[in-house]
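A, B, C and D are the chain letters, set down in written order, and residue numbers restart from 1 in every chain.
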């Protein structure tokens, strides 16, 4: 985690995600690394432990459909207005993937524990839910600061992803990455052992040089590798740069209802070259 | 905490800090609200519980010297290269102010507990220090996630300041405040019940409108009142806008060695109008 | 006043939001979002609306974790939750039906419900489908419980349930819903028939009041224009001619 | 090589930093800061230096809390601490002398020492003044302990103590300093006389090696120019003619 940032191709970036690692992915609206996910499918990634931060959609559904994941830690997997996540839902039903169901702030709390080098973080709420009932790695203690006789409080163990992977607007040639208001990407990167980033563009200059850009920048200290991937969140939308490709999503939602349809989609969408801009 | 942001004069802002409240102040290099501190002295503020985030200098020394503080929670009070904080040191020796000595990350942890509505936050380190030995409000528990037989872990209770006060570069007319890379100001404001800000200037436009400026902005949601105070950190330096006024600091350090000298400094510096720009 | 069903729901929910200062609206929530915008338009005191769906419709600058922190700070008064299943104790299930973990039907997941339900004072349950499939005697999985034991830290919870047919209030002490009003065109017998849990009700329940002319104008004008930024398809379907911007 | 005392210290400390990847330097630390910049200039692998004193000399974009988080993440290899008092077990006192809390002499406070001493693998104690007033048998207040019981989580701690007269290494297992070298112009008798705690030493200790010509050129050139940004007065005093920028 202390080397200089590498600049790689998408396929080289995918090779930096070894089989079996825990892999943190952001929610779709915060930079879904779809081009990198396709590269992971191309290289036949296996046995991943996906950590959704705190939810996910297409990225997680494709990785599960492609047999790349053994475990998903998530607060929600969905294609949003295009319906449920078909491969995720099928795999859960078949028991083909283990799910560690969480709730959004619990995933943030676990990552923040890792960010702070702590064994756990407390969290209010959750007590009495079946989310808690099925998590034997979570603990409830009696709040030692309570004035009342009893004050049960949830403790979440640290979540320290081996790799964090997301898509961002820009990086400079030093590896500094502009994340803007998506502060959860900083939490992910701080918590992870290594962070891989795809960006719309690599820009000249130093994002850290001016306070105006530094304030929204994840410094290269946390960034292991960057791959330039224009339209790298496609078919998800990305910030104000491009909207969700609704035709593509609808296609996916339809095809991925069956294993065969999903295989056909993969063949078209992942083994083929990344789609050109302007599609 | 849910009203619209007010725009006030410095003296009106000082009136928003009632006697007796807990008042969070940032470290000198992150926006010391010196103009507001002078206004607090002018209005004869009393009985404050100062919370240094996580250290302080002139701001805390002046408030203690002026008899405005009953308690200081701090990780360090110093004039830096101008030496120890004379009024703080004298008050400690005389027992005229209570000190709650902490260590920097413990103050952040307490504020982050408040930010998250938690009763406490854990922190590594500190165990075996006299900092811990003298804090009967801190607790050590055995880490319930430990694999080892024993793993003592410090828990810090939440620090929820009644008022947070700092100086910033700019605010817009909605009350959004640019804090740039000074993320601890966001933590302070999130944790506090009310946040008062002095700014170098009030600017046109909406800092939240563009992601570039939004990323370094504390939204008006957290801001109770703003006072425009050009050179409002003087004689402390402020970012790249103006350096520390070394002659003034040296003067202060010399005069404040005695109660009489400090009184003379106050008369000159606080009851007089705020210094003009370009001094 | 003649209005579309969505407009009735928007007006009814907006009334539930009166007095709020800060309302947050989750993803995939066009009707609650519209209601929050209507409440803001009609409020005489400052009212902030945070639309999580919308890139520039919210004031979070430290990432989405800020929503959860802000709720814990007491800076969110109202939020909306739905449920694949909702039961008579206001427990909600966002996980699926059948035996967990290999649920027969799997839904996306619990999202922030297990937390926000405890911390936001006024949580409004909203689900358009009003059927025994949704409104069940007991949820198969408790994503978030409607009520808690007294020793459990809880500053918020469900206050109402709005469906396509009716509006219920939740009584936290009794852990029961009470039917407050039936939407125009629906009757008690049908609601009793299509609700899987017991609830209290008057013999002849009130009818949900629709928007008056001024409110309807507000919905079809500024609210429609604003919600269209986050939910263009919803706005195009429900407000076919939102009027000039 | 003839050099100023500060230059000797800079060179000696830089040698202690060899192999580091990430060095953080606290406020009011011109000599450690210069040493870190020298180590960076001489390193064959990437070496980051975070100068907390300097506005643009560090890469923290989430506020100064990020230093402490980064240390906990294992992203800081080396840090510097001083002390109003330092004892033979490497305990440091930044609070004051006499009975706490009404200390006879009050110093600023413990800053981040009580935390960073536990988490940064290579903490170098630096204090120019070498006297029995500073180097005491036992500190009056333990701002941060030099060693911990085995059950206490500790990933870092003191590795060396550098004063104006000598360089010591700390043996964490034995909780004792060992004199490694005397700076030119100082002798063992004087160091024994002016050190308030017991320490191990050879009968004839080595002399601290000063910078060679290339290193001295580096110190007086790029290091002097860089440190002047954070510490102009220090640079003007120690490097009177740092050469053209």
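The rule is short, and it goes like this: a residue touches a chain if its C-beta (ideal position, glycine included) is under 8 Å from a C-beta of that chain, and two chains touch if they have at least 3 such contacts.
Bear in mind the structure is a predicted one, so any value in this text is a computation, not a measurement.
The chains in contact with chain A as well as with chain C are B. Averaging C-alpha coordinates per chain and comparing to chain A, the farthest chain turns out to be D. For the interfaces A-D and B-D, the C-beta contact count is higher for B-D.
Taking each chain's centre as the mean of its C-alpha atoms, chain A lies 40 Å from chain D. We define each chain's centre as the mean of its Cα atoms; on that basis chain B and chain D are separated by 28 Å. Work out the mean CA point of chain C and of chain D, and you get 59 Å between them.
With centres defined as mean CA coordinates, chain B is found 36 Å away from chain A. Among the residues of chain A, those in touch with two or more other chains are 116-118, 123-124, 151, 153, 181, 186, 214-216, 239.
Multi-chain contact residues of chain C (touching two or more other chains): 60-62, 68, 72, 119.
Under the contact rule stated at the top, the pairs of chains that touch are A-B, A-C, A-D, B-C, B-D. Every residue of chain D that touches chain A in the complex is listed here, in rising order: 21-22, 46, 48, 56, 59-62, 68-75, 77, 119. Every residue of chain C that touches chain A in the complex is listed here, in rising order: 27-28, 55, 60-66, 68, 72, 94-96, 100-119, 141-145, 148-149, 151-154, 233.
In the complex of the two chains, the chain B residues touching chain A come out as 116-124, 139, 141, 143-146, 151, 153, 155, 157, 179-181, 211-216, 239. Across the complex, chain D is touched by residues 1-4, 114-118, 186, 190-191, 208-209, 214-222 of chain A.
Those residues of chain B whose C-beta lies close enough to touch chain D in the complex are 27, 29-30, 54-55, 74-78, 80-81, 84-85, 88-89, 92-95, 98-99, 101-106, 108, 112, 123-134, 148-153, 181-187, 239-240.
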